[in-house]
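Below is the structure I would like to discuss, written out as structure tokens.
Order of writing sets the chain letters: A, B, C, D and E. Residues in each chain are counted from 1.
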Amino acid sequence: MTKPIDTSIYTAVTDAIRTEAQRILSEGQVSAIVGYAAARRKGSAQPIVISQPDDAAKLIFTPACVNNLAVYLTKAKKEIPKSGKIGIVVKGCDLKALSGLMGESQLKREDIYLIGVPCAGVLASTVQPATELTTDSIAPKCTECDAHLPTGCDFVPAQTPVAADLEKKYAAEITRLEALTPAERWAYWKEQFSKCIKCYACRQVCPFCFCEQCLCDRNKPQMVDTTPRPAGNTAWHIVRAMHLAGRCAGCAECERVCPMDIPLNLLNRKMAKELKELYDHEAGFEVLDKGPLNMFTEKDDQSFIK
Amino acid sequence: MKKKKMIISQETMDVDFVRKVEALSGTSVRRCFQCGKCSAGCPMGTFMEHPPNRVVRLLQLGQWQRVLAGRSIWYCASCETCSTRCPNKVHLASIMDALRKLSWDAEGASKESYVQLANKLFLQNIRTYGRQYEMRLAAVFNVKSGQFLKDLMLGPKLFAKGKLKVFHSKNKNMSEIEKIFTRIEEMRKKGEAL
Amino acid sequence: MSRIGVFICHCGENISRTVDVERVAQEVGKLPGVAFSTDYKYMCSDPGQNLLKKAIQDQKLSHIVVAACSPRMHEKTFRKAVEAAGLNPFLCEMANIREHCSWVHENKEEATVKAVEIVGMMVERVKKNRVLPTITVPVTKRALVIGGGIAGIQAALDIADCGHEVILVEREPSIGGHMAQLSETFPTLDCSQCIMTPKMVDVANHPRIKLYTYSEIELVEGYIGNFQVTIKRKARSVNEDTCTGCGVCMEKCPVRKIPNKFDCNLGMRPAIYVPFPQAVPNTPVIDRENCIKFKTGKCGLCQKVCGPGAVDYEQEDSLVVEAVGAIVVATGFDLYTIDEKPKGSAIKGYGEFGHGKIPDVIDGMTFERLASASGPTGGKILRPSDGREPKQIVFIQCIGSRAREKGISYCSKVCCMYTAKHTMLYHHKVHDGQAYVFFMDARTPGKSYDEFWRRSIEEEEAVYIRGMVSRLYQKGDKIVVMGSDIAVGVQVEIEADMVVLATAVQPQKGADLLAQKLGISYDKYNFYSEAHAKLRPVECATAGIYLAGACQGPKDIPETVGQASAAAAKVMTLFSKDKLEREPIVARVKESGCVGCFACKKVCAYGAVEEKEIRDRQGNLIKTVAFVNPGVCAGCGTCQATCPSKCVELDGYTDEQVIAMIEAL
Amino acid sequence: MHSEKQKHTFEPKIIAFVCTWCTYAGADLAGTSRMQYPSNVRVLKFPCTGRIDPVFILKAFQQGADGVLVSGCHPGDCHYIAGNFHARRRFAVFRKLLEFVGVDLNRLQFSWVSAAEGGKWVEVVTDLTEKVRAMGPMTEFKELAMEEQWSGAIDTPELKEAYNQI
Amino acid sequence: MSKPNIMEYSYYPGCSLHASAGEYDLSTRELFKVLGIGLTEVPDWFCCGATPAHNVDELLSLSLCAKNLELADKVEGDLAVACAACFSRLKTTQHVLAESDVKRKQVEKAIDAPLKLEGKVKHLLEILATDLGLERLAAAVNKPLSGLKVACYYGCLLTRPTDVTNLDCVEAPTIMERVIEAAGATTVPWSHRMECCGANFTLSRPGVVIQLTNAILDSAKAAGADCIMVGCPLCHGNLDIRQKEIEGVYNVEYALPVFYLTQLVGLATGLGPDKLGLDAMIVNPTPLLKEKQLL
């Protein structure tokens, strides 16, 4: 049963963002703000960097504001001024990524002005941008969201999002796959990975793929086949999932940008599930000294070790 | 008595009594470090309310009344297993001897009467006859302990086998045994011996 | 193009019995890059090694693989031989075809095939081996000793006696530590001060010991052989150089009733004071919190009476920097108190013992001061409440210790013995008194220790009662002790005049903060962690830092002194060479690729990874990257496996080498 | 007697990644004690299990290994204080990932083998060899390597049609 | 009396041997006659006081034993003692009085005689195994006890207290085994060789004795013994006389004849049942001995 999701607060949120942006830019608290603006297609949104108080009116927040803007503070920093504090509009899921990046010394809290947005959900990448947000059109990642209201920000609009009770899409799919035999799972992933054209869009969009040289691009030695062939593609996705384990905050940008529709976030969610079960780790707003795979306790599970 | 709270002070710890036990037994009570080996090997341990180690422990605390009030000391079989195996050379069998002696001196606060009766009769027999005559000992014991029918089945059989002799002659030197008894009594009266 | 030489050893018949060595040599000879391959009866013998050296020269070999026994057996041998022949030793690898092949397989065909593959893998590996120069680190031959108790004193004296300069830093105004407070010492009952003070004087007079008392460690930088230590010298208000120690200032000071910490607050001292008469240095310090001059600006009596004019109210805290090559940490212990602890503290106090509110319930150290001839009572055991001599005294062991619920699960190790000692001291001083001890176990492992304990019972007539005390409470001027004797199985009640608690040994307050400055690890109680519980008990995992005494865990005096000398020996081993040489199996960071996520730093157990700023010529910060200090790195490679972009590599075990081996399969 | 040993149709390739201080030494001990075990295993020595990158396991499977063993010091015995603890977490997670993409975890064994456990080394290696032998060759990665197409299987009728028209 | 005796001993039989343990006395005298060992009974000996005396009155116990030692001194030869309890008491007395001057003076006063404590007190086992020697003993055997599986029961007082009786190792003695093996018998290893039978509680607390003695019989039976050999009349009393009763209480069947050591050794030297007092045994040994062709 398709049900609409209440996004009525988004207008008020947009207004609040604009006011705040205008204020901090004019007061000189920040030198620029990364946020969302309307794009050409009706109802669509795109990232924008503004540095003039007057441009604050360009900022919006709508169900089409899917992108995780965190990536603009690190490797996609080209259009952002080198000095001064930067403001950024963040949904809960995006804030988790920022916290992760801070924990990995890629960002400093004091360099950022966080404008948190109360968010009831955004649209799936598969639907038209002007579509109404419903239990069907909502992005799969939003079905598992536990961070509708970011905390610890410098500014959050006063609105409270109404969280709909949704069927958890990834959890359901993980459960389905886990019930299969190894051979069946292998067949599933073989088919998925065989679609891969190794465009590396997933890598490009991921806030955590900030390595200057990716392991999978290395030639001396060649750990992973770099040509877009099934063996190398499979290895790439396994290495990617492993390197994101304990770090990925679940923004699902990889999956959104994949031109071949490979369910990449499924791997990331599976890893997150395991880390929760094994080490009670969940990506959150808190900046951690050490990620779950950079630490240990003496009592860690070792039932799999002979 | 056993469960009663123990109030410990220099007054309640009767060190003099313990010293007496040590003098009689020729062994140190304080040496015991309560390893429990004596109780572990005691054949009579299961019959005692204070196992052997606890008897010593109570002495260490000067709580001899608790020991004498119980049956434990009268259930010691004098098998010497404890003394043989004690890692601290505490001669517990001798301590038991001393405690029984002192128990008699203290006019037997103990509940155990049968063993005491048997012992008393045994010694009386020696004083009277110089030697021990089992038939007489058993008969008198049964009468005095009110168990007229005890071991009734054994009697005739033993008699038939010649194991119980009814008639016996006294030693020729009987006066000497009486002298030993009286001399010891005198020494004790004068405080020359414990 | 590499010219690899492969040498197959027969090991007598140990290898050749099940491995066709000639065939292995032949097969391996065909591999690309292999210029020479041969087999020999005993490669490790002199003729074998000569064969190797000769082949290197004659055949101009660039890399060597010796297929023989386990590298754990002879890797050093062959690397030395290779070095003698002019090659870098790390261009030689061993293929283990004995322990891992000929000895564990019986089928000659199988074993031969496996041997060929093992050697083949090592051939591929050795191609990727790089020249690794031995790492040398300069060593500053001066040592820092932190803590002036018996551990620090012993370590300092040993190192200084060996000819090296020592900086000894002590937080208190005098060295001596807890041992100076003790009355007598077990198991010999010799007077603590009698054996302690000569050592303190030795420290004061030693030409190679620089003593900083009333000082604390502020900052520690550098690494093994090359530490820079900043020391804060707190303002003493008395000039150490000019003060003669005459003591007139102390006599004239109008403030006299300040409880003396050294006497566990039983005795009183003036505001300008030395903690005890035998203090080293014998220079007083002004307690600015209680000094009238500092509080009101009036008085100034001490300055007026001071002949040499040593009193200086203007003195300020100062910082000194010392360069040292090694650090001995000897910060000692503190005693647990039964007082109420702050809410949320992992350590709890004893409400059932009155939270320290019953005046005649004291701890072991207070008893030491009472029993000490130089103590506040002149060696008389007297009750703090009314000064009466206690006739019934109860000692209780394991207060805090072995009490998980109270927050400490370890055994404090010294209490059994010092309680036995206390009962003896008490019996010697109060002939008509009676001592009782409540205990759970008597733990007396040590030379003459059990005999000592037994003596307290058998000769000194202490009554030991096995069982813990449930509660203490004041009743009139008595303290009711509610215990049990578990050997008898009854409750026991004693009305005591005084109760002495054997409270747990804990690390000094602030031990964790010092550890953080030093970069050494500590356990959940703040005891410092040794590098290996059995084989490296006096070294920290952080190279160049050593442990002595109770800062590592509860210890008695003999053990402390032993460990202090051991730590000194470790320091001397380090100082025996001008340069520290070490195997070059260490991690290196490829700075161009490093993005500074510091995952490597997070997993490094040795603190070898530092943050390094890369700047352009104008001095602008380009980025911050990881830097592995080769003097500290132990070479485990955990950083490399953790680094997502593999920008840190462990020399000798690089990804290239590993992948080459896997690909050789 | 080994001549009578049963000939197997399939001999698996097993790669063992081990630490030098415990498991490598344990394997040495098995040798000095002349214990016997299948000759299928190839040992790669590392200073510590902490150095073992999950990518190596992947690489080993890709290179044709039918089984992989990772073995190091028991918890608390690490020569490098905590390398094995880090490795334990890393592999606990990595094996879950492999399992999820369809690798049969019976081919991947982790163990603690100390320098004193020559017998355990033999047992671990023998068990893994026999288990993998019974499972047959690891074909998954080999098949992938055989596939040459660049992307996307042409298996839908529409695609086939489009392809044929070119 | 054709040959002169090779050894001479004074002899302290003790009260039991003159009463319930008559067969021990008889077999001892007969065996020693065969072996050429002279026994002269100490005239007018008294009871040693046994366990009851030392239990409650050590001084009395010491005095009685000292008196007997004094009497024995008047007879030539070391003192041979048959009863383990008497043996233990006499030895203990010698030991205690040698150690404690205080007690020695008290005892001298009690018996009104000076103490010499020089004469040696020996149990029969010691005489057979050491003084006579196992070789000579074996030589006297003309009817070896082949096939007879004997459980040697030491009880408490042959070896204890430690450092006092010095008969053999206090925890693992072998003297009884050595003696009876010299007579051709087989011995069985068993667990309860030295456990207490309850001894003097036989009168006051028979329930205790029954429990303890049952454990001993059970252990001997389980070890495959045909019979038990003892050197103490108190033990014998409990094991033999109470055996039927115990079988009744525990509903078991032991049928283990309990021999005195002199009875079995005597049998091996060819002495007849009448000279060994076999008919006095409560558990009838005849079927066993017939089966083993020893009668």
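The criterion applied here is as follows: a contact is a pair of C-beta atoms (placed from the backbone, for glycine too) under 8 Å apart; a residue touches a chain by one contact, two chains touch by 3 or more.
None of the values given here were measured: they were computed from a predicted structure.
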Checklist entry - Among the other chains, which touch chain C and chain E together? => result B
Item to check | Steps in the shortest chain-to-chain touch route ending at chain B and beginning at chain A | outcome: 2
Next on the checklist: Quick check for you: compute each chain's CA centroid and the global CA centroid, then name the chain with the smallest gap between them.
Outcome noted: C
Checklist entry - Where centres are the averaged C-alpha coordinates, which chain has the largest centre distance to chain A? => result E
Item to check | Between chain A and chain E, centroid-to-centroid distance (C-alpha), Å | outcome: 96
Checklist entry - Approximately how many whole Å separate the CA-defined centres of chain D and chain E? => result 75
Checklist entry - In whole angstrom, how far does the Cα centroid of chain B sit from the Cα centroid of chain E? => result 23
Checklist outcome for this item: Rounded to the nearest Å, the gap separating the Cα centres of chain B and chain C is 61
Checklist outcome for this item: chain C touches at least 2 other chains through residues 603, 642, 655, 658-659
Next on the checklist: Can you pull out the residues of chain E that are in contact with at least two other chains?
Outcome noted: none
Item to check | Residues of chain A engaged with two or more neighbouring chains | outcome: 215, 223, 293-295
Item to check | Chain pairs in mutual contact under the definition given at the outset | outcome: A-C, A-D, B-C, B-E, C-D
Checklist entry - In their shared complex, at which residues does chain B touch chain C? => result 2-10, 13, 28, 30-31, 33-34, 53-54, 57-58, 60-61, 63
Checklist outcome for this item: Within the complex, chain D is touched by chain A residues 177-178, 182-191, 194-198, 215, 223-224, 228-231, 234-235, 237-239, 241-242, 245-246, 260, 267, 270-271, 274-275, 278-279, 292-298, 300-302, 304-306
Checklist outcome for this item: Note: in the complex, chain E contacts chain B through residues 15-16, 18-22, 44-47, 49-60, 63-64, 67, 96, 99-100, 106, 109-112, 156-157, 160-162, 170-171, 195-196, 198-201, 203-206, 208, 212, 241-242, 245, 279-282
Item to check | Touch list for chain A against partner chain C, complex | outcome: 104-106, 210-215, 218, 220-223, 243, 289-291, 293-295
Checklist entry - What residues on chain C touch chain B, complex-wise? => result 391-392, 434, 436, 442, 454, 457-458, 461, 463, 465-466, 485, 487-495
